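In this document, chain identifiers A, B and C correspond to the written order of the chains, with residue numbering beginning at 1 in each.
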Amino acid sequence: MHRQPEITRRVALGALGVAGAATVGLSWPRLTASDIPGRGEDVLTVAILGTSQDAAARQSLVDAFTEAHPDIRVRIQAIQGNDWGDFFSKILTMIAAGTPPDVVNVATEGTQLFASRMAEPLDSYVLRDAADLQEYFDDVHPTLLEAFMYEGSLFQLPTDFNAANMYLNTDALNSAGLERPPDDWTKDDFTDLLRAMRTTNADDFVPYFWTNRLFGGLVPWLYVNDTSFLTETKAPGGNWFWDRFYPGEQRSGGYRWLESNAEDPLVAESVEYLRELVAEGLGTRPEEGGGGALVGLFASGRIGTTPAGGYWAQGLHEAGMDADGFDVQFFPRWRTQRHQFGAAGYAIMATSERKDAAWEWVKFSATKPAMELAYPRPTTTPTRRSMVNEAFYADTGPRSWQVFYDTLDTFPTTGPIPAPPQQAAVETALIKNVSAAVSGSAAGVPGALAALDRDLTQALRRVS
Amino acid sequence: MTAAALPTARAAVDRGSGPRSQGPAWRRRVVVLTFLAPTIIGIGIFTLGPIVASILLAFFRWDIITDPEFVGLTNFVDVVADPTVRVSFINTLVFVVVAVTLQIAVSLALAVLISQRMPTWARTFFRSVFFFPLILSAASVSIIMRYLFNEEFGVVNWLLSLVGIGGVPWLTSPTASAVVIVLVYVWQQFGFTFLLFVGGLASIPTEVYEASSIDGATGWRQLRSITLPLLSPTMLVACVMAVISALQIFDQPYVLTRGGPGDATRTAVMVIYESAFRQLEFGRASAIGVVLMLLIMGVTALQFRLSRRFVFYQ
Amino acid sequence: MTTATVTPPAPTTRAAPPRRSSRAVPTPSTVARTAFLVVAAALTLGPVIWTVSTSLRSPAESFTLPPQLIPTDPDLTPYIQVFAQINMGLLTLNSALVTGFIAVGQMLTAALAGYAFARLEFRGRSLWFSLVLATMMVPVQVTIVPVFMIIRGMGLSDTLLALILPAIPTAFGTFLMRQYFLGLPVELGEAASIDGAGPWRTFASIYAPLALPGLAIIGILAFNFHWNEFFRPLILTISEQNFTLPLGLVSLQGNMGTGSISVVLAGVVLSMIPALVVFLFGQRPLREGLTAGVSK
């Protein structure tokens, strides 16, 4: 270090200080976030799972809403997360931070969590505006509404859904000398198809790729085997709704998942089937929290089949797959052909001080023009039957796009993702014990399911 | 660095290092306060306060949105009885032993090797390479490794297949996924202990080696009888730091395996995170946190105790 | 990942005394050692090279095996996609502000506290010092909820200051600077005292300038750590406008696995450039700083 004259050092230090103060001053609006428009103002905050891109994509929706309701200002707040669980905990942090949103886009995974603690029932609003809404209900399958009933009250109007259908890689089918299977194909047909794909494709090809999570993991195989890992019952009530909007429908006041059903022999049977697929090299061992590479793998022809919903059409298209490169079929039949689906819609937060404005948003988002703005491309399946049409899938495929909505009509028992208010703990328990069960030998399955039963019982006992 | 500085430090303290005769006592106190205030107040508000708060929170049931409810020792009783928590602590301890041993061994070996005769550019090259993973974020590294270790499509299995080893289920079998977590963690962390050792080796006077060469000591014997003892203060710092860091492992298993399959790679901090931010049981999460804090302090104290027997100060 | 990873690297300038000056024939053991180093370097760099090359391929080709280490036909689409999908400019600005203020703040506070613990005498010095050190052992996941509540109490929820303020007091930096000041000759301060300099003058004009290399270490390590930090921003920020780079990268992965691997890796590569630059320029100060701390 050179000895410098004291005065120079003072000047340098002073200059540094001034520069520092200037930096702080200039960046102050950014440091305190006071430069974010609409922050702290009286606006209707709508939280969605997604990125700012997703928020921007809804700008036309917001504009249309503002045109219809000039007195209500809306701000879309995109919240990102790997899955719905991340999203829900973030909403909770917003409540804790004293800045809860007014409206939240909630998926089936969180419907009961929100309904039991945070959301406002829509019942009185729905009845008040019944005349406006009849057209919406006429266009939407009742199965989707039932998933958003909780203890006799309605909490959301579903705007999009996805059933776990089976995606098929056309090239892999062709090279195995096969065609798209028929609608009523069975589990054994499926196994044969995988074996044929296995023998006619390279080593780094996987006939069946699946992700270990609540949607599309073990659960579809439980549903087609006429069981579930939780005992499924229905809540009474809800007649006010069904009688008014779906006369003649025998529906309930919502699903109840109160107890573990993990020790059901049929559950063991489904798990054992998946375990054998893995052991035989037909299916992947599921990675936890995986799926990040799924679209790329499928699009590059490394995967023969995988369970997914309509949300995949656009993703595969963007990954470079053409409309004839893949197709979709119902999930194969076992004891039944009951499908699993997930849906989403806007819920009003009970803490909101703008509930009437919030309801206007919920109602608006369910109109056809709004849904056409919200879903310009098949990144998900709109709940309005009239929107799931040839034109919607023309660019992307699949050719058999009818499967997406037909699932609801053809298999009336089709049910939502089992997600009680304790969803996070339930999902953790399911995922970890399923991965343990299918990674080991057949002898390990009963032990893993006993552990699942114990974990689920503990999770469900917790006061929600 | 620190190790090398320690002996000097001792000498300085012994001689009484403070500036004397600085006016009245109150003035000296004000001076000390101004020097310390930013750090002590900051740590008080943002670390010590929260530690105390989370210890208190461990006696409550709280989901953030409703008011906390006092539940006494219930959380601790639950936590001790919970097999998942128990497994996660065992996993963490096994991880610490294996990962730290491997990290210390690899970084020490490389530091010794790099101090052998070689062109300056080569030394600079190796030194930079071994430090490089440290500049990546653990999250990015885990994303990258997730692709590399994929069972069907990953590069690692492709390389193994070249030598005839068939598809290892790296991320989906209990043993293999634990191995991956250790490898990925050590891959990213060894650069740090490596640089500590390089610094420690540099502080060993050349004359010591020259003297021993004259006595005929070479290679292994030199390493065992000179390098390691003289390096032991650095070793202590490296071990303590590495152990504290490893005990808090979270990012790698969180991104790579989410703790699975089963509970095979679930660590203590992961369980804390899951209890708090997935299951909304903040009291329970705090109770696990308190147990982990006690464990970390115990292990660190133990290391310092052991160090009295093994660490050699010049 | 944790505070403990922020630790000083060390000098190497004196690492290889020329024990024999003549150029000897490589012995088998030299060959083995060199081979070991080369293999270790390959294992260390391999994943990084794969990341860069895969980020230059189209999504459909990104899984092709054998992996191409040098992309023959580089495709910049993933990089264009990154800029299309996330607001790189704002994310980088936020990261730069957060890491910049934390680094400067840590240097200032650690210099003061480290000096006090090394050179000033006061009652309970070692007790206070142990207390500061003990805070290094607490995982951030344990304290994050109370920190969140304190931030809310200060009215700073969902701001960059919520990330900056709690990170400025640094136990590790204090420890490092204490060691550093202890390594500087005590005679300098004594001489200054005799000349009539007060503790502030002694600190500001004698010790602080000598400790600049040590401060550089703290600054570089703080930058490196907080540039890559994921957990605190994840919990403490809510609006996307307040996100830092690592959070932005996660959104490239898409929901339900609809993201593309090349785009994710392109984001990883872009985000590591600033850290790489700091590392390249910081390597020398890091080394010199440590040498100075030992030898002066």
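One rule holds for everything that comes next: a residue touches a chain if its C-beta (ideal position, glycine included) is under 8 Å from a C-beta of that chain, and two chains touch if they have at least 3 such contacts.
In UniProt terms, the chains line up like this: A = Extracellular solute-binding protein; B = Sugar ABC transporter permease; C = Carbohydrate ABC transporter permease.
Given the structure is predicted, the values throughout are model-derived calculations rather than measurements.
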Contact-richer chain pair (by C-beta pairs counted) among B-C and A-C: B-C
Farthest-lying chain, centroid of Cα atoms versus that of subunit B: A
Centre distance in Å when subunit A and subunit C are each reduced to the mean of their C-alpha atoms: 37
Rounded Å distance, subunit B centre to subunit C centre (Cα mean): 15
Multi-partner residues of subunit C (at least 2 other chains): 63, 65, 149, 235, 250, 253, 261, 264
Two or more partner chains touched - positions in subunit B: 64, 143, 147, 153, 158, 277
Residue numbers of subunit A (touch at least two other chains): 93, 96, 204, 290, 292-293, 297, 302
Complex contact set, residues of subunit C against subunit B: 1-2, 4-5, 7-20, 29-30, 33-34, 36-37, 40-41, 43-45, 47-48, 50-51, 54, 63, 65-67, 108-110, 112-113, 115-116, 118-122, 128, 131-132, 134-139, 141-147, 149-150, 165-166, 168-171, 174-176, 179-180, 182-183, 186, 189-190, 192-193, 198-200, 202-203, 224, 227-231, 235, 246, 249-250, 253, 261, 264-265, 268, 271-272, 275-276, 278-279, 283, 290-291, 293-294
Interfacial residue positions of subunit B with respect to subunit C in the complex: 1-2, 4-6, 8-9, 12-13, 15-23, 28-29, 31-32, 34-36, 38-43, 45-51, 53-54, 57, 64, 106, 109-110, 113-118, 123, 125-141, 143-145, 147-148, 153, 155, 158, 187, 189, 191-192, 195-203, 206, 209-210, 213, 219, 241-242, 244-245, 247-251, 269, 272-273, 276-277, 282, 285-286, 289-290, 292-293, 296-297, 300
Parts of subunit C lying in touch with subunit A, wherever the complex brings them together: 58-65, 85-87, 93-94, 97, 100-101, 104, 148-149, 152, 156-161, 164, 205, 209-210, 212, 235, 238-242, 247, 250-251, 253-262, 264
Footprint of subunit A on subunit B - complex, ascending: 63-65, 84, 143, 146-147, 150-153, 158, 169, 171-174, 255, 257-264, 266, 274, 277-281
In the complex, subunit A residues that touch subunit B: 85, 89, 92-93, 95-96, 117-118, 204-206, 212, 284-290, 292-293, 297, 302, 422, 424-425, 428, 431-433, 435-436, 439, 448, 451, 455, 462
